[in-house]
Amino acid sequence: MDWLRLLAWGADGWGDEFAHGLLLTLEISAVSYLLAVVLGLLGAAGKLSGNRVCRWLAEGYTTVVRSLPELLVILLLYFSVSTGIEKLLRHFGLVGPNFEFNPFLAAVIALAFVCGAFMTEVMRAALLAVPKGQIEAAVAIGMPRAKMFRRIVLPQMMRHAIPGMSNLWLSITKESAIVSVLGAFSELLYTGYRAAAATKEYVFFYSLTAALFLAISLVSVFAISLLEKRLSRGHH
Amino acid sequence: MGSLSTVLGFLPDLLRALPLTLMLTVVAGICGLVLGTLVALGRLSAWRIIAWPCRAFSFAFRGTPLLVQLYLIYYGLGEILPGTWVRHSFLWPYLRDGLWYAILVLTLNQAAYNSEVIRGAIRSVPAGQVEAALAIGMSSRRVLRRITLPQALRHALPVLTSDAIILLKSTSLASTITIMEVMGTARALQRQSLLIFEPLIAAGLLYFAVVFTLTRLMNVAERRLTAFRAR
Amino acid sequence: MKRILLSAACALCATIAHADGALRLGMTPEPYMPFTSVDAGGQWTGLEADLTRAVCAKIPEGCEFKQMAWDGLIPSLKENKVDFIIGAFSVTDERKQVVDFSTPYYTEGTSFVGMKDDDVEPKLIDAADGSGKVLSEEGIESGIIGVQSSSVQANYVAAYLPNVEAKAYDTADNSVADLIAGRVDYLLVPDMFIDGFLKSDDGAEFEVKLEVPTNPKLGQGVAYAVRKGDAATLDKVNKALAEMQADGSLQKMVDKWIFGRE
């Protein structure tokens, strides 16, 4: 087995394909993750809110989206929901007759929608872990709500949310593979499969894929532990 | 999207696969929780010789895709085994069957993810409580059992529930090593009939029923365990 | 929340204009030789690649290629994101209710493969459903048969060999890997796929035990699929295929890729 040849840059080897795959995986994951954090905060706020409709909506979102297979959610969002919206937009003349959503962005949003449901649970648990007395104290001294959230709730809640959030980050880098269904985006896992199947060097290319994912994790875990240390200042 | 009757038509085949999915989830979930708690304690250990292997384990399994782990362990071993004594040993019936690989890999994966959550939860138990318990003469093992772990698990419950749901859905990857659980069956039906949504919706109904039951149970458990926090 | 998502989607969305009139073809870069493979340089090779280039040259409007995972082909076709698709689709009666198929460009045979050391002699019996000679369970009932999940061969095993243990693999490559590992004793596979393996070093210990007689369960060839009722596209594809059948160029491609004859 000539591994150097298999990994050559350019048209003869898969080196450049893997480099592109790595970048694409990071890109899909980062954008989806940021969207998911926003969705998670909104969802957690909804779940803990005094408004019954908000609670009910957030509860429905986490229960339904978390339980359905990701493949189904992504196919439904892309092929049914987004096609429906396209038709609607075309009908009202807001866009041209050939308008179509960019499948890449549709894929990223769909992935964020799924991850956001899990993020909601992480955020909810973290919010609940902030001692109630502190919030009461902040209210008692007349701190405005926004300031209270920024200065009291958020810093403490993030400390509790970090392990769950880091799990979700690591899992989204791997789950991003599912978007290939919508348009053969050559992210890392799909590239690994295609290289393996084209050359029949399955074990070699899957080991390489695993190694690259490990590299992503290594950097992530290092960054997370720095963050964790910073956020737990003053705690033991 | 198809009619309800087409969706329902796929249910019997999927229901037959449901026990397999549930079995994989329950076995890997329980073994993973136990192993994950041990790994979490190991990671917090003061001895590096214990902490580092635990850290490496959790890192390797969280850091690589489950699909790749399953493939490398199942097919990778398959490349090594032919022509060895193993083929004629009592182990062969187990090594031949994908089920054992699926249980093993899912358990290790779940343990890696659980250990991370539980570690975080253990660290969030107020240090004062542990100090107080030690001060009144409790042994450190007893502190762990009576003070630290109960609070940590209580704290970690929502995220552990999420992880159990992820595990339920991860069992679908077992179909790559011939274990035809619910999703594997749904995807086979999909390819056979070329109906895309109907088999998946039918599978979604089953998953929903399982997750709904699980989350209700967990909500009750969470409320009981956190009654002191009552809002 | 929905509104935020929606406006975010609109702010980010970009249009993909498709050339007017060109037929949009969905293809998958997932390798399945001798039908398709994409090498590291992005070059498409294999029977379906050559065939599609020729077919599109004969379609007056030309084609626009769209790549996607195999699992995305059918929903893309149904939701009008592409006009026709290719991906080693076997024609079956069940599938005909969902899509329309072109004239088949290849009709696969099915091989029953086992180890050379194994002196099993698969037998043929008359099928209970009157479809002629089929493989008998006798002699192979203690073994395990590997098939590709939801392939026509899997349908065949379910129909005629219900008492033989079968393992379903998501790709044909994986079934071969387990044949080598000894986790299955036999494979029931398309002949054009397995020939390459049997000629390779890894395949030296294995042989075709039986060419399985044709049967309706084994499909009606491999074809392009178009949206149900889209007669205009179907006509164009069929016309191109008919021309290639008439001038012998289709046979030449099959000879080249499947039988290894230039």
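Think of it as A, B and C in the order they're written, each chain with its own count starting at 1.
Basically, a residue touches a chain if its C-beta (ideal position, glycine included) is under 8 Å from a C-beta of that chain, and two chains touch if they have at least 3 such contacts.
Only a predicted model underlies this, so the values are computations on that prediction, with no experimental measurement involved.
Q: Given the contact rule stated at the top, which pair of chains has the most C-beta pairs in contact?
A: Summing C-beta contacts for every pairing gives the maximum at A-B.
Q: Using C-alpha centroids, which chain lies at the maximum separation from subunit A?
A: So the chain farthest away from subunit A turns out to be C.
Q: I'd like to verify one number: the distance from the centre of subunit A to the centre of subunit B, where each centre is the average of its C-alpha atoms, in whole angstrom.
A: 20
Q: Let me have the rounded angstrom distance from the C-alpha centre of subunit B over to the C-alpha centre of subunit C, please.
A: 35
Q: Tell me, which residues of subunit B touch at least two other chains?
A: Counting only residues that touch two or more other chains, subunit B contributes 75, 79, 196-197.
Q: Can you list the residues of subunit C that touch 2 or more other chains?
A: 71, 75, 78, 177
Q: For subunit A, what residues touch not just one other chain but two or more?
A: 71, 75, 79-80, 202
Q: With touch defined as at the start, can you tell me which subunit C residues reach subunit B in the complex?
A: 71, 74-75, 78, 92, 94-95, 98-99, 149-150, 154-155, 167-170, 174, 177-178, 180-183, 225
Q: Under the touch definition given earlier, write down the residues of subunit A that touch subunit C in their complex.
A: 8, 10-14, 17, 35, 39, 42, 57, 71, 75, 79-80, 82-83, 85, 95-96, 98-103, 105-106, 109, 113, 180-184, 186, 190, 193-195, 197-198, 200, 202
Q: Quick check: in the complex, which residue numbers of subunit B touch subunit C?
A: 75, 77-79, 81-82, 87, 96, 98, 175-176, 178, 180, 184, 187-197
Q: Considering only the defined contacts, which subunit A positions touch subunit B in the complex?
A: Per the stated touch rule, the residues are 63-64, 66-72, 75-76, 79-80, 118, 121-122, 124-125, 128-129, 132, 159-160, 162-164, 166-167, 170-171, 174, 177, 189, 192, 202-203, 206-207, 209-210, 213-214, 216-218, 221, 232, 235-236.
Q: If we count contacts the way the header does, which residues on subunit B are in touch with subunit A in the complex?
A: Residue list for subunit B touching subunit A: 1, 59-60, 62-69, 71-72, 75-76, 79, 113, 116-117, 119-121, 123-124, 127, 155-159, 161-163, 165-166, 169, 172, 183, 186, 196-197, 200-201, 203-204, 207-208, 210-212, 215, 226, 229, 231.
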